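You will see subunit A twice below: alongside subunit B first, and alongside subunit C after that.
What follows is the complex of A and B.
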């Protein structure tokens, strides 16, 4: 295993130290292991907290900032954050208007966020959880009952963050995150496995000519292991799976071609060309788009495609200013 | 070889098609293979053109936009753009105030940009070339006489772009790019090789426990092949090499921890923590910083560290608004 790290056990903490040093707009608590906006809590503003295992950067810590998350709590690599950590993040951003938890559907995350919400309730902080489960690849998976939460997390964090910034109420902010999740579907494909530092070897084996269709962001098995295919064929598999589940024809969509961490940006753009062709050939209009590494799986090669059927209001929330390390457009 | 591509020969064109579809702020000419700002040429504004082999994305095409480049011309992967292509880019952005060419020091790039500048001169476009040669690792290398051009390219494109946007003259814009190059040093380390699509196999062999200190962005040999080291040790090698060449103590610096394409962002932040510690321990102050994948080498794992000794004016130009696909902060 080759990693740019000091020690396997310290990598998450060292990365947090790096985040703290690199981004004065963030307040990183190394003891509690939370990343919060420097100006949190904002009185009267609904707080927005997310979190999950590390190794998916920039998700979630890189999405803390104006117009998106108020705080993120990173667990160890591919490991849920603990309830006390989620509680600390919730407390750190509570401005009296309640806090929304955005939770990717993995059993550990769901349980720990639930426990944290109960503890926050004891402190008179009202918490509304929103579960993200957009991955159409499989119904249940290694760490999940039901569908896995993947790319819709970013869409929900961005739009709910915009609404919270604009003064939306607790129920309104939670409702828009829920709506985005319901209108989004994702499908991922792995060309290679990734290597968790503590494990020291790839999370699964893929042959030289094999790819995994429907991969999870921790390397969980997908629908099918198959021979290597072209980018256009991979895009067709992914978008067909999405379209089967949520017909896209006639819709204006927000689409993300997301790198899993190890695929060159040049290739992601080549894949996006195929995505744009596919969508226009199937009667969908691309209203907004994002190409790059946003919800990664360490050094995995491959991509995930996420499609959200926009409404005018969701497009407006998407366009609203955001200033985070990982996503940024101007005020 | 596993690549997310359709055909080896089409990957650059397909990526350009993807750029065109993804970024309405850009005008991509698929025939000439140039990426220009949609509003180019801007009358009276100095044009800023860069280019080089593909495979380093977001450099250069991803840095076209407000406050940075006016156009980029991507060659085939790791291959210089041809003179006609550079000429077309120069013509596309010529607003009557002259054009600055920012050229990474690789023999093919230098020759082809020189030829394009002569052709542009025949068309009465005044071109001033600025050569970037910031890599301290080696004096000459596989594709280079003298030092290689790497991370300083981004710094020069950003600051010169800001000055051009603010109405700087041809000589002023060229001078600031030159100044940034003179004040910047870089050093890269590879944990793995990268694979050029047309070659189909890694550009060089690195053992399971080996790394290459002083790697070039095309995989050119560096100073030494050695056993795998920790992030802190790698950072010490890189910053010591930079400091030996350009003493950093007492300076306020702009520092970039740049991923080569295949290293997780989590690890880049861990490396940045070591960089921040090293610099403060050696009497330098970090004034500005950038952590992420900006000047990549396809899927190579590893990082490059670039340090620029700031002046108040350079810091101001760095802070000026920029709106490109690869680098963006608000107006």
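What follows is the complex of A and C.
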């Protein structure tokens, strides 16, 4: 394993120290392991908290700031944060108007956030959880833990964050995050597995000419292994899976071509060209787009495509000013 | 039964088997089960100060597991220990009957939180038969019952190999989860091995 780290056990903490040093607009609490806006809590504003395992950067800590999250709680690598941490983040951003938890649907995240919400209730903070489960690769929700939360997490954090910034109420902010999740589908493809520092070896073995279709974002294998294909063919597999689940024809969409951490931007743009062609060929209009590494899986090569069917209001919330380490415009 | 010795031995076994558990998890999950549980149990040991009654030992260790482990295993094992501890109450001595009640409470807690059934390829597949075997043998005394529970846990864990996962991260693999031992069932075996290790034959 070759990694730019000092010590395997300290990698998450060292990354947090780096975030603190690099971004004075954030307040990083190394003991509680939370990243919060320096101006939190803001009286009367709905707080927005998310969190999950580390290794997905810039998600979630890189999306803390004006117009997006109020706080993030990073767990160990690919491991959900613990309830004490989530509770500390909730307390840190509670301005009296309640707090929305944005939770990716993974068993560990769900259980830990559930326990934290119970504890927050003891402290008289009203918490509304919003579950993100946009991954169409999981087909049979009856016999699995349900669809996973992936790219829609960023869309929900951005739009709900904009509404909270504009003075939206607790139920309105939660509703917009829920709406975005319902209107978004994602599909991911891995060209390589990733290496969790503590494990020291790739989480699965992929041959030189093999790819894994329908991956999640935690280095877990996907739904099918197949031979390597061209970018255009891979994009067709991903968008067809999304379109089968949520027909895109006639819609204006927000689309993200998201790198998993180990894929050059050049290749992501090549994939985006194929995405733009595919969508226009299938009667969809690209209203907004994002290309880059936003919801990553350590050093995994590959990409995830997320498509959200926009409404005029969602487009407006997407366009609203945002100023975070990972996403910034309009301000 | 000495609750502190039990948790201490569980922590030792998990530390010794951490790499193995992590490898099992990498095959069908995300490769962190051994690392996480090891970290959580170290925190649980650190939380135990001297002279706590057995029930309090388990609730304290359970709270620390929930607070410090992360992942699904923290809340699940933490809840198991907390429920077991609550069932013991303030009793100073844990006999075969008290332990049966505590184990049943632990199983109920894990079922409620994880919403898994037997056959879903989870820790329940080791825990449920172990608790049942203990209850069925409890009249013969704790050493025999603990031994029966361990045997049942081992058989239950082994039986997860041909199963297709329906809960947790392994469920995303569908049919590809078949042929692998469930890591949560494997660590549950260690919980019962620890119990057997600290239960003297004549107790």
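Please note the rule applied: the second predicted complex is superposed on the first by the 325 of 331 C-alpha atoms of A that agree within 3 Å, B and C clash if a C-alpha of one lies under 4 Å from a C-alpha of the other, contacts with A are read in each partner's own complex, and residues count from 1 in each chain.
Simple rule for what comes next: a residue touches a chain if its C-beta (ideal position, glycine included) is under 8 Å from a C-beta of that chain, and two chains touch if they have at least 3 such contacts.
Computed from a predicted model, the values in this text were never measured in an experiment.
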Contacts of A:246 with subunit B and subunit C, given as first, second, both or neither: neither
Greater residue coverage of subunit A in the superposed arrangement, subunit B or subunit C: B
Partner chain in contact with A:138 - subunit B first, subunit C second, else both or neither: second
Which superposed partner A:128 touches (first subunit B, second subunit C, both, neither): neither
Touched partner set for A:231, first subunit B, second subunit C, both or neither: first
First (subunit B), second (subunit C), both or neither touched by A:270: first
Set intersection of subunit A contacts, subunit C complex versus subunit B complex: 77
Interface residues, subunit A side, partner subunit C - complex: 53, 75-84, 106-108, 111-112, 114-115, 137-138, 140, 143-145, 148, 196, 198-199, 203-204, 216, 218-223
Partner subunit A, residues of subunit C touching it in the complex: 22, 26, 29-32, 35-36, 39, 66-76, 113-114, 164-169, 171-174, 176
Footprint of subunit A on subunit B - complex, ascending: 2-7, 10-12, 14-19, 21-22, 54-55, 57-58, 62, 77, 191-192, 208, 211, 228, 230-232, 234, 261-274, 276, 286, 289, 291, 293, 296, 298-299, 301-303, 321, 323, 328-331
